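Common to both upcoming complexes is subunit A, partnered first by subunit B, then by subunit C.
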Partner chain A sequence: MTMEQQQREEEKKPQTSENDKDEKVVQFLDSLNDYLTLMDSLSSALRQGWLELASARHSMGSWRINSATLDHKFHSASTTLQLSSPDDSNSNTNQPHFTLRKWESCDDEDFQSKEVKLDEDEVQKNSDDVQVQKERSKSLLVFGALVSPKLRDAQLSFETALETLVDIANRRSVMLSAYDHVREEILGTKQ
Partner chain B sequence: MYGFEAMTFNVHSGYLEAIVRGYRSGLLTAADYNNLCQCETLDDIKMHLSATEYGPYLQNEPSPLHTTTIVEKCTLKLVDEYKHMLCQATEPLSTFLEYITYGHMIDNVVLIVTGTLHERDVQELLEKCHPLGMFDSIATLAVAQNMRELYRLVLVDTPLAPYFSECITSEDLDDMNIEIMRNTLYKAYLEDFYRFCKKLGGATAEIMSDLLSFEADRRAVNITINSIGTELTREDRKNLYSSFGLLYPYGHEELAACEDIDQVRAVMEKYPPYQSIFSKLSYGESQMLDKAFYEEEVKRLCLSFEQQFHFGVFFAYMRLKEQEIRNLMWISECVAQNQKSRVHDSVVFIF
Partner chain C sequence: MRAPIATNNSALIAMIADEDTVTGFLMAGVGNVDLRRKTNYLIVDSKTTVKAIEDAFKEFTTREDIAIVLISQYVANMIRFLVDRYNKPVPAILEIPSKDHPYDPAQDSVLSRVKHLFSTESVASGRR
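Take a look at the complex of A and B:
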């Protein structure tokens, strides 16, 4: 390599590292923006859910919808949260990741087809949707078998809020990781 | 006039009719509701209500207030007024007044049975019961495992006993059976109340037939809408409708077959009194249906006060008071949740 070519290579290196730093800052700001947007969505979903619940109490009567009817018998959760940490062999990310598994009794053997052919995908999807609806109705049975559509709407709003919460947790994990990268870059530059 | 009520009504019931008309003049007006809708906090609501007849019931409640506290205290006022009227009433007015509370009794029975099924503490459940529906042996409902035991151990000595004949089984109580029991009992109660009012005759029969028919029709619509998408069969749904009302029997046949809100609308629009209710809703929407029904009910209840010498005014006052409490509940919830823009979604003005 000639002297001139060597000099050009030397000049490119700081520019490349500047581009990397900018990219990491942009990634951090993007993840921060997504995080704040999700927080706003969560706030809206919860507000809507609480108002719909109040509307359902107004419609059905506060003696039908109150905490005294909630079920204290032991029963398994219909929705669980799975956490995969970076140390897990199954994990392909370098930060913790949260996965929501909703209406888990839908995964019973009775309802899952083990050998699904390609042309049965649509049928399976419809069957799963029906099962999810059944599970939703089952969880509302504590308030009675015939509940107002407003209560079902409130259930959907809180379900959306739960999904948003999990997204927020994942987005926060990404945001903190991006922040760490930016900090490393800044500290590296100072040195 | 229908008969000679003007000659004899006041002998036994004139005092109580005057009392209930006095109570009616104490109901909140549109100006009161406008003030309440502008409150920023529940303490503001308490301050505004202190200038009304609810004042003595709320004045000793400490801050921070909860919406359930406001509802409980306002309900206590209704209970006091009802008990004052009941203790002064003679037959047949006393029986008529007792009939008004059987709906709450049914709700309390179902609450205790449901809560026991869910392993809740009986004392906690008793605190949540509606005070108008309490009876002496209500706590012993917790020992029953099926409807037969429920009837034999507890309800045989209560006014609800005659309504159990249609739903006594030995099946264990579960959520679906309890719901069917609730609706079957309520159906039997409404039909019995209707027959009782018809037997009284005169203006009471005329006015109460209209009010109870509207109640039966509204129940039919609510049962239909709430059972869409559930496991309740067409036949079971039809069996829960009352055997009277404007929709009986042809409207019930059509409602039993409905599978969405638009089909319900198509059925109801054939009946002129309900066209105006459903014309307020857009297609596919059922959110405002409750408010539309409440507005129609309030209109009919207020009209009953235009006539004298009948028992319908007592029923109308109780229902108007319950509507007022619902309004206060809704306003309190909107203020507590900082959603004052939605306050007019469900408030029904009485005057």
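Take a look at the complex of A and C:
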């Protein structure tokens, strides 16, 4: 390598480093923007849900939809989260990843194993839909056998809100991780 | 190197919020009641004390089966010191709006943590 080439390589290094810093800042700002946008979507979904819940309460009566009617007996959540961490074990950042698992009953594994034997995708899909509808209806049973359509609408709105919340949780992880990278760059620059 | 995050295939979502918000999310299937009748939610109303909210927050943030804690922002403001001091990745604390209190980004604990990047100590000023 000639002297000129070596000089050019040396000049490129600070520029590459500046580009890396810029990339990290952009990643942070992007994740911040996504977080705020998702919070806005969440507000809309919740407003929708509260309105539908109020309509259901109006038609069914407030004595049927209140905290006293909630199920206080032992039961497991049908909607849970799968929590995982990045594959990169060399990473210094703690960045959890959340995945929503909706309407999964305790009998889910047995149910699925029976359907896999039939080996028909259509049957599997229909079975899943039936299972989800069954779990949805079970969740509303505490309010009585017959419920207002508005209550079912409210249930769907809150499900949407839940999906948005999981996206927000993931965006939050990315944002905090990007923030840590940017902060390290700032401290590195000052030294 | 920070402690790795423990994976969990069926973690819970906890809630500290008003009745309508909790009822709505319970309809979405997140409610859990264990054998000791302990729930993964606290309904906050005018009679709920700050101590009860603090205790619920401390309990939910130390349980290993909870991955996300939803807390209405106006409730988080009642225990702001505790919420701002919390800095673990899991469970994630998400401040949410309520019917009478819309979401205010200026009060969000997570955004407060990162906002100083936009002050005079920002990246841009450090590079001048």
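Criterion: the second predicted complex is superposed on the first by the 167 of 191 C-alpha atoms of A that agree within 3 Å, B and C clash if a C-alpha of one lies under 4 Å from a C-alpha of the other, contacts with A are read in each partner's own complex, and residues count from 1 in each chain.
In this section, a residue touches a chain if its C-beta (ideal position, glycine included) is under 8 Å from a C-beta of that chain, and two chains touch if they have at least 3 such contacts.
In this text the structure is predicted, and so the values were computed from the model without any measurement.
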Once the structures are superposed on A, label A:S59 by its partner contacts, choosing first (subunit B), second (subunit C), both or neither. first
Now for A:S137: first (subunit B), second (subunit C), both, or neither, which partner does it touch? first
Is A:H181 contacted by the first partner subunit B, the second partner subunit C, both or neither? neither
For the overlaid complexes, name the partner, subunit B or subunit C, with more touching residues on subunit A. C
A:L81 contacts which: subunit B (first), subunit C (second), both, neither? second
Which partner does A:D71 contact after superposing on A: first (subunit B), second (subunit C), both, neither? both
With the two complexes superposed on chain A, say which partner A:K21 touches: subunit B (first), subunit C (second), both, or neither. second
Now for A:A145: first (subunit B), second (subunit C), both, or neither, which partner does it touch? first
Common interface residues of subunit A - those touching subunit B in one complex and subunit C in the other: 50, 54, 66, 70-73
For subunit B, which residues count as touching subunit A in their complex? 68, 71, 107-108, 110-111, 114-115, 118-120, 124-125, 127-130, 175-176, 178-180, 182-183, 222-223, 225-227, 229-230, 232, 286-287, 290, 326, 329-330, 333-334, 337, 339, 342, 345-346
So, in the complex, the side of subunit A touching subunit B is made of residues 47, 50-51, 54-55, 57-59, 61-64, 66, 68-73, 133, 137, 141-142, 144-150
Considering the complex alone, what residue numbers of subunit A touch subunit C? 18, 21, 25, 28, 32, 35-36, 39, 42-43, 46, 49-50, 53-54, 65-67, 70-85, 89, 92-96, 98, 101-104, 135-136, 139-140, 151, 154-155, 157-159, 161-162, 165-166, 168-169, 172-173, 175-176, 179, 182-183, 185-186, 189-190
Looking at the complex, which residues from subunit C come into contact with subunit A? 1-13, 19-35, 37, 39-40, 43, 67-68, 70, 89-90, 92, 94, 96-97, 99, 102-103, 105, 110-111, 113-114, 117, 121, 123, 126-127
